[in-house]
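Quick one: the structure is below, and I'll ask about it shortly.
We just call them A, B, C, D and E in the order they show up, numbering each chain from 1.
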Amino acid sequence: MTETAFPPPGSPPGFLVQCREREVYPSRLRLICYGPEPLVEQDNITVAQYLDGKNRPGIQWLHLEGLQDLNMLRELGDALGLHPLALEDILECRTSVKVEDYPGYLFIVCRLVNNQADFADEQISLFLGADYLLSIQETHHDHFAPIRERLRHSSGQILHRGPDYLAYALIDYIIDTWFPLLEDFGDRLEDLEDRLLAKPDGSLIQELQQMRRLLLRGRRILWPLREVVNNLLSQDNPLIQEHTRIYLRDCGDHAFQIIDLMENYRDMASGLIEVYLSSINNRLNEIMKVLTIIATVFMPLTFIAGVYGMNFKTEVSPWNMPELEWYLGYPFALGLMVVTVLIMMLYFKRKNWL
Amino acid sequence: MTETAFPPPGSPPGFLVQCREREVYPSRLRLICYGPEPLVEQDNITVAQYLDGKNRPGIQWLHLEGLQDLNMLRELGDALGLHPLALEDILECRTSVKVEDYPGYLFIVCRLVNNQADFADEQISLFLGADYLLSIQETHHDHFAPIRERLRHSSGQILHRGPDYLAYALIDYIIDTWFPLLEDFGDRLEDLEDRLLAKPDGSLIQELQQMRRLLLRGRRILWPLREVVNNLLSQDNPLIQEHTRIYLRDCGDHAFQIIDLMENYRDMASGLIEVYLSSINNRLNEIMKVLTIIATVFMPLTFIAGVYGMNFKTEVSPWNMPELEWYLGYPFALGLMVVTVLIMMLYFKRKNWL
Amino acid sequence: MTETAFPPPGSPPGFLVQCREREVYPSRLRLICYGPEPLVEQDNITVAQYLDGKNRPGIQWLHLEGLQDLNMLRELGDALGLHPLALEDILECRTSVKVEDYPGYLFIVCRLVNNQADFADEQISLFLGADYLLSIQETHHDHFAPIRERLRHSSGQILHRGPDYLAYALIDYIIDTWFPLLEDFGDRLEDLEDRLLAKPDGSLIQELQQMRRLLLRGRRILWPLREVVNNLLSQDNPLIQEHTRIYLRDCGDHAFQIIDLMENYRDMASGLIEVYLSSINNRLNEIMKVLTIIATVFMPLTFIAGVYGMNFKTEVSPWNMPELEWYLGYPFALGLMVVTVLIMMLYFKRKNWL
Amino acid sequence: MTETAFPPPGSPPGFLVQCREREVYPSRLRLICYGPEPLVEQDNITVAQYLDGKNRPGIQWLHLEGLQDLNMLRELGDALGLHPLALEDILECRTSVKVEDYPGYLFIVCRLVNNQADFADEQISLFLGADYLLSIQETHHDHFAPIRERLRHSSGQILHRGPDYLAYALIDYIIDTWFPLLEDFGDRLEDLEDRLLAKPDGSLIQELQQMRRLLLRGRRILWPLREVVNNLLSQDNPLIQEHTRIYLRDCGDHAFQIIDLMENYRDMASGLIEVYLSSINNRLNEIMKVLTIIATVFMPLTFIAGVYGMNFKTEVSPWNMPELEWYLGYPFALGLMVVTVLIMMLYFKRKNWL
Amino acid sequence: MTETAFPPPGSPPGFLVQCREREVYPSRLRLICYGPEPLVEQDNITVAQYLDGKNRPGIQWLHLEGLQDLNMLRELGDALGLHPLALEDILECRTSVKVEDYPGYLFIVCRLVNNQADFADEQISLFLGADYLLSIQETHHDHFAPIRERLRHSSGQILHRGPDYLAYALIDYIIDTWFPLLEDFGDRLEDLEDRLLAKPDGSLIQELQQMRRLLLRGRRILWPLREVVNNLLSQDNPLIQEHTRIYLRDCGDHAFQIIDLMENYRDMASGLIEVYLSSINNRLNEIMKVLTIIATVFMPLTFIAGVYGMNFKTEVSPWNMPELEWYLGYPFALGLMVVTVLIMMLYFKRKNWL
């Protein structure tokens, strides 16, 4: 296991390298067989153990958690006849969400969010064959327990359908995890809105920017996922039965609803930023106004005081500041100031600044 | 009936759950039969009662108001052979506006605005079969009374056409409700414009933002509705007769007019925001200008007054502020100030600041 | 004639209602017959009079001005077999510009600007049949006199072609009216530019916004008109002869030139706004600069004057403002001030602020 | 020759009118025949002279410079069987860049920039027939001399190909003139960048806006030109031989390179504007900071000086400004001021404002 | 070898001119033959030497480094039957990234980044024939050494496939060089973010702008490269074998991942600019606030000091500033000031400005 994030340029294709950016979990293979015969579950098996019972009738759901064991991956690839490029895609850091049509099986790459705080996601790779489904996930989160439950209790029609229906069930699960995620996200956004309206603050903006980035990230995951579903719908690959298509259509519809909800939140977030900016702006304007008014009021007053603080000798001539010797000189000066203030106030009033 | 907004991820499809976000109304089923025989209306019937007369000739319009009774929904689904996914879509919170082609019937989802203040809407689901139309609405608003009236009084051709024409009539109704809505909206927008031009105020901007959000919401409802109509037009489904297509085309045209009107309002709203921002900006500029002028006028004056307020001893030397002992010292100082003001004013005039 | 702007939602389609938003003119029908036999003009006729001579050979151009007489409209519809939805479209307030293909005739809706100040427009509806053209306009403006003249004097090939060529002539007229309109518009825009560069003023911005709105409105009229022409070109409807298509192509080209010109003006208008904003911004900067310089120059000076205006008793100690009793105390203070100013000026110069 | 910019609305199509917006040059017709027989050049001939030798074998390149002589244009149209609408397009002010397929010939409209300062352009119209090429330009600029040279010296394969190759050579010339134009443009832009970074100035912005407008204009000319080339490539008109298509493809590629280069310059220009705005902004901030610091430093100082300039009688009570009579009163006051300044400086330092 | 950047307009096509904008390296031809027989490498050969062994079986990889020797290029073109336009494209400065289908070979133009600091790139031209691949690069960077190694050690399947697989390997190499490039880029961006958050500074913005320009440049190179790959995938040219298509699909996928990563960085960069602007804005607001508070606090204080600095004669009347002779006159004045400050502080507190 090398320590680079990607194969060095020029290395041959299908070269299996761990993505350095993520934690690597130990590999663990799980098998569920169902179909005409009763359901059988085997946990923690090796590829050899799987191969022993490969020819039994019914549908086989192989589920691999953790990508540490590159050998197991290679053995699985050999056992099921998977293309090395597809195996390489399982390990790569940023494999695109996509469907690829290989002879004999479909290779589907999805991403599943496993952390609602930062929308961190992991890659789910599905290989859909005629009688098997191989699903591979990076971590040990037990995402698909509800679907195993449905298989065990035969709830719904899942037990009576082919592996394409099982693949649908997994994709449907992956899409539906977004509903609670977004509900929580919406709550956080509304909470942020309340705080922002109460007291506009730069730090909230950083929080908001972060939430917008989450939405962008979500969109980058969901748009191609929807494309994957549409792709599965429009292909006339015999691996997807007619009956399953109606369910896939519904699935695509859910993806669309989620995207629509995200757009809604994006609009809300943009609106919040506008509200914030305009409130900041209003504030600056208000401060400027107060500054102007105080400055314009006190400057003339200080000037008047300054005039009567001049030291011209009144005794030299009757023209030199005779006010200083008036009987009501001081009240006159104060009165002058009051009149000045009143005139100013009137002017501001008329200008609509108060 | 659980209390979540959506089925938990991983639950089997077609799982009927009430959307938690909206009020649930009691269910009430209404039936109108018309066609070759005279029109018969039955209100408040059960599904069993409906099934009794199911084989009578003519067209049957089943209308369900309120979604409380999930059993009734299931019975209806069984009676008409509706797909569980479609039933699930009726209950979901954010089902997309769409047409879906199921074998034997079309499933059409629309949204009808029932509150002109906040453009709150409810979902209208239509199942269009060969000889029936099942329409389902969430609330008890009696939206479609005018269409029942047309049926009762046989006004227009509605009585002589198939259920597709009835579906058209409902969709046409849903689209046409936008005309009075938008007329009212336009009035509010013009009123807002008047107030904004009279006195630019931050609170009006919030109102304006809200109105823009309404337009966005309206667009989100109408665009897919128009797509629905186009979809119905372009499908060569035998459920839609050739004759009805001309009417649907007209319907799509109305939707387009409404969208165009909305675009108009959006432009107006954007223009208002620009007007507001530029008036706020102008105001700040004007305030700055006044501040500058007052500051620049009074600072030199105060300085002059300050100079002649210095206490240099005139008796020590003839160089120490001889002005204080001039016969016209004070008038000279005042004159200096007046000259300073005049020079400033001239400068400002030339700079075009007054 | 009711007094609403649109039929109430739920009313049957094809319901003839006057649009409340516009003035209604008295109806007046005019007929021109031409073709193999000499041209005959009849003004102010009734539909009955028209029907009397309906079977004569050649091409009939029916022109209806004013929509007051709803009966006449209905009679015309009956006489020519027009669809009620098309008749409804004639009366509606905001019928989209479009072509609709009805069995036996084409229904074309255009809009013609009849006021160059505010680009107010009226709807022109054309019904193009195999041997007739019915054109309907809302007002009594005599737009199409030049085309009647061409018919009367047989100028060009108009007399020897079918009603499709006549329809082309009308549409060409409608498009070509934009050339003088836009020339005038361009003059106004250039005039505005000159005034804006001479003295940036907020009121000019409002004028500019208005002109941009006119351009938007123009675009909303012309884009669909161009679509109409393209639509007529691409249809292989036998009502449009091959020969006429070359002319329609030219017509679409003119529409495109006009749209291109509008885009040009839109760019110019946007550029003007940027110029305005940057000049306003520059101005604010300049004002701020002057304020700063005056404040920074006079504040230290006033401070110095303030210091020597303090009343410390010089007689108490030799440390108490000995400057006051220096022989050159006052010149020293003034010199201090001059030096301060010079240092400041140097600083500003170096900072590139002067 | 009338004096309007366009035919009056309602005039018959194919009406030849000079565009009033441009200078009209005297007409001058030039003929080059080549092909199996040696090349023959005739300059300044009449249409009649051309018709005399019309039947000789080989390819005829007719080149018309200047549009003054409308009769010559009409005669040419008659001689070659050109459609009146195409002739009208030659004279119009703003004919779109386009290809039109007429029976027997292709009509191609290009625009050629003939002034590198303001990207002023003239229209080049080409009529490509089976054995002739008629090229028409508005001015007397001798653009195509290099191509005549290639014909005369038989350089390249031009002499051995049909008129379609000649048309390609002209279009290639028209596109390639952009390379030196844009090289010069790039130099001007870089020069502007240098000046802008050295001293941000509003007048440079106007220059930049003008350069952006040039780019827009260039794009408006080149995009449709590229469409013309693609159009010629995709048509399977026998007038364009297979062999010429490879050359046309190269031609379209050049157009694309030029457009890409323009996009580059557009990005650069936008970047420059952002740089300018942020530098202006920084400057305002810096000025504000200095103002604040000077104001906050001197206001307290002036206040202290003001306090000790109050005239309270020290002799009335020991509480009345005893500082005035302290032995070190003045140094104390100055010290107070120094301490105040130091505290302020510390505060500003901590706030990171210095 | 001429010294212009492009052939002069009007010169015949296929004219070989060196692009003036880049350094020209001496030409050096290298040949690798492989296939059924063991691999043979020949370095620094002439075209004549190549032609000697041209008929030997297997696949021939011709690699030309440096474009100085135009004769060698012409000889190669003659030897392999390459079109002069393709040869011209090798030399041009800005040849678009593209695939062109010539009879017998495909001509592929890519660009390879060879400088991670400024994303400077060079053109890689590939000619893919039935049994040869000619690759041409501008510089002497030994890019493709890893692929030669794979050939030499027969690692992977490269030795057993046709020249199309070799072409894939080169294109894959060209695309994969972006991964380390972008990893480094991401590190620089994060470093920039840290510095920007620590101390917002205009110079960082210029750095950021430069990084955005790099991203734009990268996008301009990668988008068409992806198009090239898609183009190769969708063509049913026999030169591309079915087996190679799966690899090319993977290649296109990598290109898409890189573009997606770039979009991510672009979002990050935009976000950083917003963060910077808002922090600059906040700062200005804070400075304004401090200015306002200091001004509003000291202006009234200075005014009060000014009032008691007026020289009204207290001896003239009891109305003339009796405070001056109060026993506690000075403490009263100071108290007045303190009270004023307290009132102000309260006001600011209530206004939420402190």
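Basically, contacts are C-beta pairs under 8 Å (C-beta built on N, C-alpha and C of every residue); 3 or more make two chains touch, one makes a residue touch a chain.
If you're wondering where the values come from, they're calculated on a predicted model, not measured in any experiment.
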Intersection of contact partners for chain A and chain E: none
Same-residue or different-residue interface between chain B and chain C, half as cut-off: different
Separation of chain A from chain B, taking each centre as the mean of its C-alpha atoms, in whole Å: 26
Cα-centroid distance, chain A relative to chain C, in whole angstrom: 42
Contacts with two or more other chains, residues of chain D listed in rising order: 288, 291, 295, 299, 302, 306, 309-311, 321
Chains in cyclic order, anchored at chain B, direction fixed by chain C: B, C, D, E, A
Residues of chain E that touch chain D when the two form their complex: 5-14, 83, 85, 88-89, 92, 94-96, 98, 100, 102, 199, 202, 205-206, 209, 213, 216, 220, 280, 283-284, 287-288, 290-291, 294-295, 298-299, 301-302, 305-306, 308-311, 314, 321, 323-331, 333
List of chain B residues in touch with chain C within their complex: 144-147, 149-150, 155-158, 169, 172-173, 176-177, 179-180, 183, 246-247, 249-250, 253, 256-257, 260-261, 267, 271, 274-275, 278-279, 281-282, 285, 288-289, 291-292, 295-296, 299-300, 302-303, 306-307, 309-313, 316-317, 319-321, 352-353
